[in-house]
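After this come two complexes, each holding chain A, first together with chain B and then together with chain C.
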Partner chain A sequence: MDDEAGRVGSGAGLRSAPKTPPDLGLAAEATLPAARGGRGTAFRLSRGALCSLPVGLTLLLGFVAPLATVAAYAFATPKSFDVFRSFTLVNFAAIFDPANTVWQSFAWSLGLAVLTVVALAVVAYPIAWGLARSFGRWSGFISVLFVFPLFVSENVRLYGWTLFFLKNGVLDGTLKLVGGAGPEVLYTPGAILFGMVYVYLPFMLFPMTLGLAMVPKDLVEAARDLGASRLLIWREIELPLATPGVLIGMLLTFVLAVGAVAESKVLGGQSVIVITHDIEIAFTYAQNWPLGSALALLLTVIVGALSLTALAKLDLDRILGRR
Partner chain B sequence: MTTVTKRHALKLLGGAALAAPFAGALPAFAARESELNILCWEGYNSAQVLDPFRSAKSATVKAESLTNDPTMINRLRAGETKVWDLINVNNPWARKAMYPEGLIKPLPKAEFEPFFDKMLPQFKAPYRWAMSDDGKDLLGMAQRFGPYSFVVNTDKVSRKTAEEQGWELFNDPSLKGKYGILESDDWNVFNIFMIAGINPFKVHDAAEMATFGETAKKVFGGAKLVGDIAAMNQALVSGEIDLHMTGGTYSVSPARADGHPELRAVTPLKGPIDGKGGISWIEITSTVNNPNLSPLAAEFLKYVQDPKVAHTVAFAEGTFNPVAQMGNKACFDLFTKEELDAIQWDSLEEEMSRSAEYDIVPDYDKALEIMTSAKRTKG
Partner chain C sequence: MNQSARRSNFLIWVWTLFVLVLVYLPIVCGALAGLSKSRYFGFPVARWSTEWWSRALESFEVQTIVKTSLAIAFIVTAVAVVVAFFGALAFARYDWKGRRLYQKLVLLPIFFPQPVLGLALLLWFNAVGIQPTWQTAIFAHLVWIVPVVTLVIAIQVYGFDPALEEAAADLGAGRLFILREVTLPILWPGVWSGALFAFLLSWGNFPLSLYTTGADSTVPEWLYSKMVAGYTPMVPALGTMSTLAAATLLLAGGLIAALLRRRAAGKAASA
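Here is the complex of A and B:
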């Protein structure tokens, strides 16, 4: 694109402007100077390109630049700040060293994320169905109830659950009053999973509700009129048509859950070490930014590959109602 | 449609190219008389400490608090010397890392050394950790300090037992599942060496490292939880745990001040660092080697020496700690009996005398790697 603009710019008047300029895109296109009455060759930005400039720049600065920096650090000399000045694969060699147990952290993060997604699919489906189909005018109010916790810091909410499950806390204390005792929930992988399911529920619920809302009611009614059982209607009509929303919910929660760290720290008492915690240790106590970056890059690649595979199965145009 | 002529674009590009080499130098010409940036442990960033200074100097004071020394030092190493004016970290870093690496600059001795005369006896000038290796340069000012080994609930483990058994408590199978570990990995490295009966602040041979690894596995395997200060105090109060390692006045003082005098920081009577059983820390605040250092940096260092401000620093939000300025009667008298109880003033002197001062572990990287692996395999 730059080459094109450069060539055009260096040869004034060599090419005329296309008859139908593109609406979008950052490509600068050439115009005949005479057309504007100017002397030099001009770069023209279409209105679409101009409007997309802020977004483009924001993405470039806020998304691409940090990612590029992390990628560059991943190939820098360990325990140094020689970013863009050195290139080595030592950080990756350290990660893939058979003696390194960091794979366990990757396994815990990916495993917990998968379990979270499965648990959320089961928990959120009936609620989403209710929101889309049966809660009627209460749907808005119920939706707000699920959104409301998002206004409170995640750490505060997790500490709240700690107080709930703690020895002599809300649950244990209440059960003791009636002669029982609370279960040993805190500081276990189960507590981490519970925290993740709780925190990411809204992120599964709303795309799923959107998916279910897209299922035409008359199609379900027609199936019912033709004698299809509830299970058959769910399996043959409702689920396939709601799948895009369900998949988006799954994808969203999976990506968020892989990056979760607060749950393992606060509710799990670090009973397991997730990969994001390892990255944090590398950046802080270990003073090894290149190793932290290599771990982060590897995690990004794994999650990116899994996400792209899932996205390939989605038809976003259809979900967004464009066709 | 908006049109940008080639000439215009070239002019812009040319201008940017010419300006680029000077872009980094631009802040050097900016006035910083009314601006101060502090990188510190929590407390110095509290409004109680900063607001009076802001008002008095009509200054914009920004303070960022972090919870471990290596992260703060790394920020300077990564190029943030241009950003910060003051850095507040524990004792060995100024003398052993930041000054040799050119990250901080010395203070004018004549102006600052007299402040040490009013500090507690052990901080009198020339205070070792405030000076450069050759003893010529003054590298920072001392303020908060404290012993830091472990904390017990004395209703469950008596102070006498804890002091006499010391680190052996964490080798006791009967306490498995009854203790926590503070999420403070640099200090956890020290403590695991101590539990293994090895002096952490020396170079270790392979056999010592193997012992360290075994100890780390055992200690993390037996821990009920690993968490932050709030989690540790909460677990002690609720009875989830009876004791936790890596802790001291700093971590337990908020719980003591909140009505739990049964929780107590303990320093073992004996241990592997030349016979000393505990480790203590002393914060040293230094001026960053900022090419455009704010003149308020030195002003702030003097400001926090004031008895009232020093008392505020001791009881700033988060944790409560003794300060070197308690050697000044005007400062000491500001502490109430409850405040002195919270910081365990009754045993502070003896506990400090049983403690070796926090130092840098020469093979810390290797030890941290071994410890992190042990922590990971616990799951």
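Here is the complex of A and C:
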């Protein structure tokens, strides 16, 4: 907060503060209110606040209000639609009832998400390193190749994996040609994990690349010249400096994997019930919106608490502006 | 570069190419299934046929959902770009009191499970008495896509020197004139990439559409419902077509973005 306050005072543009000499910055600030602010209204928004209004309004109406509705429904009488008219904790009591097995869905979702994050960290790190350091002019092209699948509907790609692993599918058919048989992978928790790692790869890769791009090359070289081993350089320089990006990637993939549902449906059959599936069932077949809302609220609280704690530690200007 | 660095570099290339093959493998499998003649997919493909492609193209149902998907994607793109342009200026250009909080608020919808967001929107529409149709899906897409586009444009804004705007103001240019002649031309590549992202993400989105389109249906929804029940090879055929359409658009958009970037670089240098 302190550095921000310091910058606010020194000029209109946040980038201009360190670049221009201080007297010039003050001059720019002096001209701005005179040129822009002579409306004479009692309540005037700063330009930044004004620009944030459309986005703010969208998020207020499309994000905050819906979540508030979920919260309201979570405290309504079960199997009813009298939201805002009744208040009860029955839905939460039902969830925490030991006889209820919904905790298993929570456990599966959280467990699969943790495994996804770990697997993705291992899979994506070398690629991110290559993109940030060694691919040179190929970096842009390879990035596009990794971005593109984001634009293809998730279930189309997951269905492609079903066709690959299916009996008589691409894998099985190929192995049969050489006299083998494909392994039984479909409809197992392993297949779900595989699907999650596959779908969420870009969400780990790009924040990680941003993070690694923030590590100054000369610092690494200096350490090498001073005789540091590669492991030492990695542990003492590269990893700590790349942490913000890596952390964003981990947080993003964890949150998305906790809320994932398509992987367990398309690749997992009914072998594992994830929490998002339970929520959907409560809303659709069971027509018990209050129970579904209570589950969704619980998930939101877990995800939200985690995101907010992690985001509070990050300086977005540094990461996105690469400063 | 010493020997060990060269070797690890080589290994990184091999690993990257291996992962890339895996990334595209299921898409290729879908293409194979859509082009094989038999109703149930088997590999190796015994007989090839474009029958499922032409049947998908001729189906009235498919034509309707493609139109719906396109309409949603176009409107989402138009609205998202305008909203996110100002959002990005607030994100990266100006220093203002609530900025840190705002930056985090913008990220939250991206860091949120989409199926849950879709259900929450459905509840909210219900609470205020709005019947879900494809128009409500536009709004649902915006909630997720506006933050993404804001970030995309914000990255461009970070590289923008505000001194250019200030210089124009000192020379007596009005606010709108500065926006049109200075700010927009420099940020144009970011705006263009943002538009591309908006369109493609809306075109491929499934979880938000599922809950918010009501009786209408989009391409990803139709594919999903047919995968679950009533499979025909029209599913992988349409899936492949949708992928090819997105690839073409990305290619064309990428070329234009490269062109704009070159022009913007020229302008910034001469300014």
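Quick note on the criterion: the second predicted complex is superposed on the first by the 263 of 323 C-alpha atoms of A that agree within 3 Å, B and C clash if a C-alpha of one lies under 4 Å from a C-alpha of the other, contacts with A are read in each partner's own complex, and residues count from 1 in each chain.
Just so it is clear, a residue touches a chain if its C-beta (ideal position, glycine included) is under 8 Å from a C-beta of that chain, and two chains touch if they have at least 3 such contacts.
All figures in this text were calculated on a predicted structure; none of them were measured in a lab.
Asks: Go through the superposed model and pick first if A:70 touches only chain B, second if only chain C, both, or neither.
Replies: Touch partner of A:70: chain C, not chain B.
Asks: Between chain B and chain C, pick out the one touching the greater number of residues of chain A.
Replies: Of the two chains, more chain A residues are contacted by C.
Asks: For A:111, is the partner it touches chain B (first), chain C (second), both, or none of the two (neither)?
Replies: After superposition on chain A, A:111 lies in contact with neither partner.
Asks: Contacts for A:278 in the overlay, against chain B (first) and chain C (second): which applies, first, second, both or neither?
Replies: The answer is first: A:278 touches chain B but not chain C.
Asks: By the touch definition at the top of the document, which applies to A:79: first (chain B), second (chain C), both, or neither?
Replies: In the superposed model, A:79 contacts chain B only, not chain C.
Asks: State whether A:190 touches chain B only (first), chain C only (second), both chains, or neither.
Replies: Neither chain B nor chain C is touched by A:190.
Asks: With the two complexes superposed on chain A, say which partner A:201 touches: chain B (first), chain C (second), both, or neither.
Replies: So A:201 only meets chain C here.
Asks: Answer with first, second, both or neither: which of chain B and chain C does A:166 touch in the superposed model?
Replies: So A:166 meets both chain B and chain C here.
Asks: Which partner does A:261 contact after superposing on A: first (chain B), second (chain C), both, neither?
Replies: In the superposition, A:261 touches chain C alone.
Asks: Now for A:251: first (chain B), second (chain C), both, or neither, which partner does it touch?
Replies: second
Asks: Let me check the overlay on chain A: which residues of chain A are in contact with chain B and also with chain C?
Replies: Looking at chain A, the two contact sets intersect at 31, 36, 46-47, 50, 159, 163, 166, 168-169, 265-266, 283, 289.
Asks: Can you check the complex and tell me which residues of chain C touch chain A?
Replies: For this pair, the touching residues of chain C are 4, 9, 11-13, 15-16, 19-20, 22-30, 32-33, 41-44, 82-84, 86-87, 89-100, 102-117, 119-124, 127, 139-140, 142-143, 146-147, 150-151, 154-155, 158-163, 165-166, 169-170, 175, 200-201, 203-207, 219-220, 223-224, 227-228, 235-236, 239, 242-243, 246-247, 250, 254.
Asks: Note which residues of chain A are touching chain B in the complex, please.
Replies: 9, 31, 36, 38-47, 50, 79, 81, 100-102, 104-105, 108, 159, 162-163, 166-169, 186-187, 189, 265-266, 269-273, 278, 281, 283-289
Asks: In the complex of these two chains, what residues of chain B are touching chain A?
Replies: Spelled out, the residues of chain B in touch with chain A are 1-7, 9, 68, 70-71, 73-74, 77-79, 180, 183, 185-186, 224-228, 230-231, 234-235, 238-240, 365, 368-369, 372-373, 375-379.
Asks: Please output the residues of chain A touching chain C within their complex, sorted ascending.
Replies: 1, 4, 7-8, 12-16, 19-20, 28, 31-32, 35-36, 46-56, 58-59, 62-63, 65-67, 69-70, 72-73, 83-84, 123, 126-127, 129-130, 134-135, 142, 144-146, 148-161, 163-164, 166, 168-170, 172-174, 177, 198, 201, 230, 251-252, 255-256, 258-262, 265-266, 276, 279-280, 283, 289, 292-293, 296, 299-300, 303-304, 307-308, 311-312, 316-317, 320-323
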